[in-house]
Amino acid sequence: MERVACFGEIMLRLSPEGYLRFQQAGSFVAVYGGAEANVCASLAQFGLKTRFITALPSHAIGQAAVNALRAIGIETDYILIQGSRVGIYFSEKGAAQRPSKVIYDRAGSSFSQIQPGDINWEAALDGVDWFHFTGITPALGDNVTESVKEALATAHRKGIRVSCDLNYRKNLWTAEKARSVMTELVQGLDLCIANEEDCKSVFGISSPGSDIDSGNLNHEGYLYVAEQMRKQFGISEMAVTLRQSHSASDNDWTVMTYDGESHFSRTYPVHIVDRVGGGDSFGGALIYAKLKGFDAQKAVEFAGAASALKHSVEGDFNIVSLDEVERLMRGDGSGRVQR
Amino acid sequence: MERVACFGEIMLRLSPEGYLRFQQAGSFVAVYGGAEANVCASLAQFGLKTRFITALPSHAIGQAAVNALRAIGIETDYILIQGSRVGIYFSEKGAAQRPSKVIYDRAGSSFSQIQPGDINWEAALDGVDWFHFTGITPALGDNVTESVKEALATAHRKGIRVSCDLNYRKNLWTAEKARSVMTELVQGLDLCIANEEDCKSVFGISSPGSDIDSGNLNHEGYLYVAEQMRKQFGISEMAVTLRQSHSASDNDWTVMTYDGESHFSRTYPVHIVDRVGGGDSFGGALIYAKLKGFDAQKAVEFAGAASALKHSVEGDFNIVSLDEVERLMRGDGSGRVQR
Amino acid sequence: MERVACFGEIMLRLSPEGYLRFQQAGSFVAVYGGAEANVCASLAQFGLKTRFITALPSHAIGQAAVNALRAIGIETDYILIQGSRVGIYFSEKGAAQRPSKVIYDRAGSSFSQIQPGDINWEAALDGVDWFHFTGITPALGDNVTESVKEALATAHRKGIRVSCDLNYRKNLWTAEKARSVMTELVQGLDLCIANEEDCKSVFGISSPGSDIDSGNLNHEGYLYVAEQMRKQFGISEMAVTLRQSHSASDNDWTVMTYDGESHFSRTYPVHIVDRVGGGDSFGGALIYAKLKGFDAQKAVEFAGAASALKHSVEGDFNIVSLDEVERLMRGDGSGRVQR
Amino acid sequence: MERVACFGEIMLRLSPEGYLRFQQAGSFVAVYGGAEANVCASLAQFGLKTRFITALPSHAIGQAAVNALRAIGIETDYILIQGSRVGIYFSEKGAAQRPSKVIYDRAGSSFSQIQPGDINWEAALDGVDWFHFTGITPALGDNVTESVKEALATAHRKGIRVSCDLNYRKNLWTAEKARSVMTELVQGLDLCIANEEDCKSVFGISSPGSDIDSGNLNHEGYLYVAEQMRKQFGISEMAVTLRQSHSASDNDWTVMTYDGESHFSRTYPVHIVDRVGGGDSFGGALIYAKLKGFDAQKAVEFAGAASALKHSVEGDFNIVSLDEVERLMRGDGSGRVQR
Amino acid sequence: MERVACFGEIMLRLSPEGYLRFQQAGSFVAVYGGAEANVCASLAQFGLKTRFITALPSHAIGQAAVNALRAIGIETDYILIQGSRVGIYFSEKGAAQRPSKVIYDRAGSSFSQIQPGDINWEAALDGVDWFHFTGITPALGDNVTESVKEALATAHRKGIRVSCDLNYRKNLWTAEKARSVMTELVQGLDLCIANEEDCKSVFGISSPGSDIDSGNLNHEGYLYVAEQMRKQFGISEMAVTLRQSHSASDNDWTVMTYDGESHFSRTYPVHIVDRVGGGDSFGGALIYAKLKGFDAQKAVEFAGAASALKHSVEGDFNIVSLDEVERLMRGDGSGRVQR
Amino acid sequence: MERVACFGEIMLRLSPEGYLRFQQAGSFVAVYGGAEANVCASLAQFGLKTRFITALPSHAIGQAAVNALRAIGIETDYILIQGSRVGIYFSEKGAAQRPSKVIYDRAGSSFSQIQPGDINWEAALDGVDWFHFTGITPALGDNVTESVKEALATAHRKGIRVSCDLNYRKNLWTAEKARSVMTELVQGLDLCIANEEDCKSVFGISSPGSDIDSGNLNHEGYLYVAEQMRKQFGISEMAVTLRQSHSASDNDWTVMTYDGESHFSRTYPVHIVDRVGGGDSFGGALIYAKLKGFDAQKAVEFAGAASALKHSVEGDFNIVSLDEVERLMRGDGSGRVQR
């Protein structure tokens, strides 16, 4: 069975119950997640071997993060136990006109303090077929960027396929810094996941006439951007999520891939239970499809269905089975009770 | 006041909180319900005398099921206290493209072990005006089928009206077995509740051109099937729920009856809080309407309104009052606050 | 900074968890609120100085109400600690066709027993720029009406602007009694908030052809009524909320003001988390806009956005910031995650 | 089977979760109870026929109280549905040096507004073998006292045995008023339950050298008081609970009866889960013992064991079975797991 | 690192919140556990490699049990996915004089339907140093007994050490049946865990003058029984837990081992949070001590401290670290805050 | 009325529900507290004017901390809104032999980044009668130490009385650093709160023969240490808490003061609900007593009773009233229900 390794931070996510606002919270629901861990979780749910590489402190909150990964079958043997804190993010669920809110509290986490040489990449990537990271990881500091470079060098040497989700976070670094760093890291990727905003912010690639804030999707614009990305960075395949946000409660969700030709999934009207990790569930499902050799249209439909389902699942991880994704792909989205 | 007796199994239903999936559940909300108990509960809410006949073990979980019935005013004097377990079903709430899921764990329950002669039907049906059962009950075993036959014989002798909801469950018995058993049990029913799929699966009766999975409703098809059912089995009235499932969150809900002429209720766009027991609430309300002598159109509108409301009520039981149903029947579905 | 004083009752609100019905509740979520307190809360959230004037008993439940006000920064120095009970209201959340329900249990509360002279209005309104009350307050008894009159006289003497929300509650007093009392109290208001039903019930002012229950909004009708109100009572500005109730879950929400000219806000399709206090959040936001000198259209848009947001916030108080309202006013209602 | 009727108020009890104080409560656990209802509940748990006679409003909170009674098998046919509110009491659980606290909010309840003639006592006491009330009931008003007198007259005429728990509540009436009213009501009781403080406060009967606040129990004092009560009022049997309060968490619990001779139960060191209803559970168990004809020592041991167990049960009602009480009576208090 | 394999059933445990009784439960806390899984969990907590061998159904509840094992690091590769149900047990927490209660609902579970040959023991015990089972496993049926025999034969062949906890359950099989089956299975055990009652019930071995129900511990009696067990069955070492049950809330806890010489641990006064799994935590800790070569007194102190701590941990599994056990062993039981 | 200002950090405290361990937590109860905020809270509960001076970030979690202070009446006008995070501490409740655990996650908090000059101490201490800080504050960094020095200089100039609780935290700074910093800060304190361990660790002052870990209290040792502290640093009065930790559930609690003469409070056997903030509640109560001019013995009894009560209150703040403390002081610790 194929094995995927993901490298990134796993954080403690704290959310008020239901639709309560932060100020109203007398308790917080606690789950663990992060962009790369969420991809890893999707792949584990689909039955692949998965390995998560990160750093966590030796105390019980760090252990709880390890347990959360193990519970769904992710290998945690290459997690470094060092440093002093688990990164935290507070997440408040939006509704209707009130947007969801995230407050990051991740500075100084064990992962962000990782140093070049800390990870034995030769061992950590042993038996691995695919390596995944996101743009959040290098954004945490030059030290972490160096770790990513070590990983990429090892992956290259071992012939491991590599994917990256750009995931530009403006509160972590400037666009200039991101561009200078990411330009090197995305070279020759097998799969690059990005949205129009990422490409524009990080690489200054945008289509004429595009207006991200308008809420209107511009298919041609996406293709133009994807084509530019492929050409400039020698990327094999670009993948994009297209979210039309009608409100914090209701979105339309489409995904596409572009490998020289474009492939669009069905559009799903998603009534949102939890949108965090929607993009990550797309990435995870697409990596699965690639590893399993699905043809391009099947791959995009699989990843579209999987990520549509994520919007109905609480928490960061996309707790859905292969069978559930395939049912939805086949068109059974009516929501009849499954007995 | 009229009294209705229902015979069937009441189970412990265990549901994760909110929209959590089974794998995520650290606790389960516990309610008690079952197809026949739910009908009984509706009738009790509307103020009729009701009696539930079943078997439950002598331990505290069995007692809790008795208490749940008594709490809403159902007579429990004819419940047998025997056997060793309460049947359980796990119920996970769906959302958007993710369907609701039910895992049954009912084998070996006290009710399924009931033996012919265990129930003193002469006493149990004393003072009863209407007897209701469903196709789930005989599906639990030949022993239970025999009990149903005893009940029907007694009801016949006493001139008690009888209704049945076909409720075909393919995981309990085969279509062949169901047909051979149900053919006898539905003869001469005063009221038979069924959906198109039930009739097709159990009796092979379907309308030309019908496609259940398409999600499109075919009114003529329903009438054809209802007419066939009436003719073949000497049933006085057929009743059908017509659910159009747009997603696990939103359905359109219509009900109809056919007594030679067809009667359709208004269609309600239901935003689902809990759809379990929707069909049962229809049956309960229709029996009420029959006992109270509502004309056919009023009856179907009453049952349509009652069962539309069920979709907004948590749990198996339709906790709505006569007054609430009548308000909705009269057209007040705007959801203004009632002070 | 401007200071607003509000005079009214703050009650303990008890709500079943989620969508449970009263009969199903094993616990009640407890918050504190009331028409005038909710207005005060909105103004406090926007950063104004606010003072709430009421009466509460000396026990811990009374203290909890004080704490709830203080927590969001409301001055509570002029709350009388006397009497024996906190008024209670039970609130059940509706969904789809099932309306929300309120059961009032407020008779005999400390506030309703307030006597003329109990409050030192001279001190209580010292440093106050705006005074707000609602029609619920005088409805509680002639003793309370006298207190309102004392307040109004003091406000008049001090040149404090005054607003009133008619808030007619038919279970507190008759239309006749309301008319005789309110006619005096609304004379010369700077701002009067009302809905069409209030004006009709209390003052017999309605537009030709209006049908409140139809759910259809009649803009001309509103203007006619507003104009009549202004003329008859010398009111500077009328303000109205226009709720179209599609179901208990979904409403369209528009607000308008009329100061000789009419101003309508954008219409928001609100998917309801908690609709209690929607009108109060409108009043609060409008008072803010008036105090800050917003022009009429900006004022109505501000108040419209603020009160649309309230529908997505649990509890009576509109826990939203100035910044959040302004974003929505500027058109960002797409619900993208704010990081 | 014997049937016991109890007459009194059933209230909504609202308690913060766990050991939270009132000011900290974001929600309240809701159960229903009251001195007489609790006695009734005990008898229902032991398998007797029981009937609760009270008044409750027609709204859903009143209905919930009815349901709570029905759930454990109490007959509710003679409950009057009238008036406007359910009495409430807030209950905060103490621990160690911090005492439990109760805030009553019961004024104006449906029960307190009951009028002479409202209850058809002839019917309500039909088929009844024992009638129970407490001193709280007449304390609610002269109107309620009249109802008690009607009940007692009917019981006398029908030869029904009668018990009363003095339950003096100083916040409901003065000692003088209590004495003047209770002197009539306790004449000739079959069973009178009281503690030393009740007898002293209401009837001025105390033993020389007794010091209630000292926490030291004075067995001779109890006997003296019991003997005085029997003589003065022609009471057949006195029953007393002897609580030694070491802290809010730990008490020693003994009960005694005196019918000319004294009988003391074993003393139980109770580690308190919920002490509300401890005395009522004693009363219920003792009535059971009397109806079943237990000899005096067995009766007091049965009632002692039952009421010791109550301290380990959440809520007002003593949810324990006959079998559980008998095991403890027989000396199995070791707390081994029962599988 | 050493690896331990455990063979047995893992069940879904459903417990009312806090001290609520079964009849009062509106929800159940859900954890997974069982005698052998609990031993495995202790060993995993201490850092050993552990493997759990069982059978679970393919549905989501079965998966949740797998996840619970994986979360704490147990290898689950040899779990059979077959059959239709997860065994359930309901567990109610006792307090003071009210004992804890367990209702088993495990008939027909996937594990109980396991057949000889289902498990590839050669592979399942590969790399294993110690094999543990309990008397509950063979009690589930002759088919399961055969599986145990297969396991023991394989373990013998591979030179794997073997331990068994007698764990006699009278509701699963008779003493006669237990004796006939267990006599074979305990032959030559490296470690046998039992209590006096087990030995007496199953093998008829008891010391003169012993009285299990008296609650008094009889050290000499234990030694006599242990010596008999060793002699009759060629067992290397006997291990016993000595619980003195003062109440359901407070026990004294001592453990002993006997390998020809007796070794007693310190006695811990345990204030009980959750006593389920207390004995299993003893077994797990003792196996750890054996594998690590602790001397006999250190081993018994380690296992005593570990199992005393279990009584303060919610759930079946003993979630304590090596470090925490060692601190307690060293005498730091004062409960000072660890910062 | 007197006003007390406290300067320190307020943190978000996250605790698993009940007795769950960190690894088991699916949610965290969220309250806000900290050594100085807790003192402030006690004083606010007793009715004094209080002002809390700290720094908090501008986001909603920071606002929630402000709200928590305001709710109980603390003035928050001098809280700086700056920096990026609220310090966090995770708190796990111990039981029996399992100690409570705290994991600090406070590095980089807004408060720890405070710079000299940030606070306008002239204004912040205007109208203040007493200033309180603890040794935790300077331990956060030299920048914070400078702020403390600014505060002390201003307090000195204004004639404000000053108290300090040594509160040595070895994970924040070394003993050497603490000594060098604290030596200056404690000079001439009006009140210094410390335990034996603090004095020994920070100042090397210990009594001969003292053994902190033994759990035995050494009254003479305390006096010796207190006397040394007074002499060396010109402190007016020393105050000490004496906790005997029998287990994580049960402690004995005594407090003493020494102003040349020693004063010991009664010893309370505390059954622990939440011990966090026990020492702070002592400090708060003692400052109250000093401000109110209680004589030394009354002061120590008041502070002893208040802090004993804290152990029965959930959260950091001591939510008890003056009246409740005084009742306990007067000897009513029996835990009778207060109605």
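A, B, C, D, E and F label the chains in the order they appear, each numbered from 1.
To be clear about the criterion, contacts are C-beta pairs under 8 Å (C-beta built on N, C-alpha and C of every residue); 3 or more make two chains touch, one makes a residue touch a chain.
Here the structure is a predicted model, which is why all the values come from computation and not from measurement.
The set of chains touching subunit A and also touching subunit B is given as C, E.
Chains that touch both subunit C and subunit E: A, B, D, F. For the self-contact between subunit E and subunit F, the two sides draw on mostly distinct residue numbers; the shared fraction is below half. Greatest Cα centroid separation from subunit A: this falls to D. Subunit A and subunit D have Cα centroids separated by 62 Å.
Taking the mean of the C-alpha atoms as each chain's centre, subunit C and subunit D sit 44 Å apart. Rounded to whole angstrom units, the spacing between the C-alpha centres of subunit C and subunit F is 42. The set of subunit B residues touching two or more other chains comprises 18, 21, 23, 26, 67, 101. Contacting chain pairs in the structure are A-B, A-C, A-E, A-F, B-C, B-D, B-E, C-D, C-F, D-E, D-F, E-F. Touching subunit B in their complex are the following residues of subunit E: 14, 17, 21-23, 25-30, 59-61, 63-64, 67, 84-86, 88, 90, 92, 101, 103, 105, 107-108.
In the complex of the two chains, the subunit A residues touching subunit C come out as 18-21, 23-24, 94-102, 104, 169, 171, 213, 215, 245-251, 275-276. Against subunit A, the residues of subunit E that register as touching in their complex are 67-68, 70-73.
Those residues of subunit E whose C-beta lies close enough to touch subunit F in the complex are 18, 268-273, 305, 308-309, 311-315, 319-320, 324, 328, 332-339.
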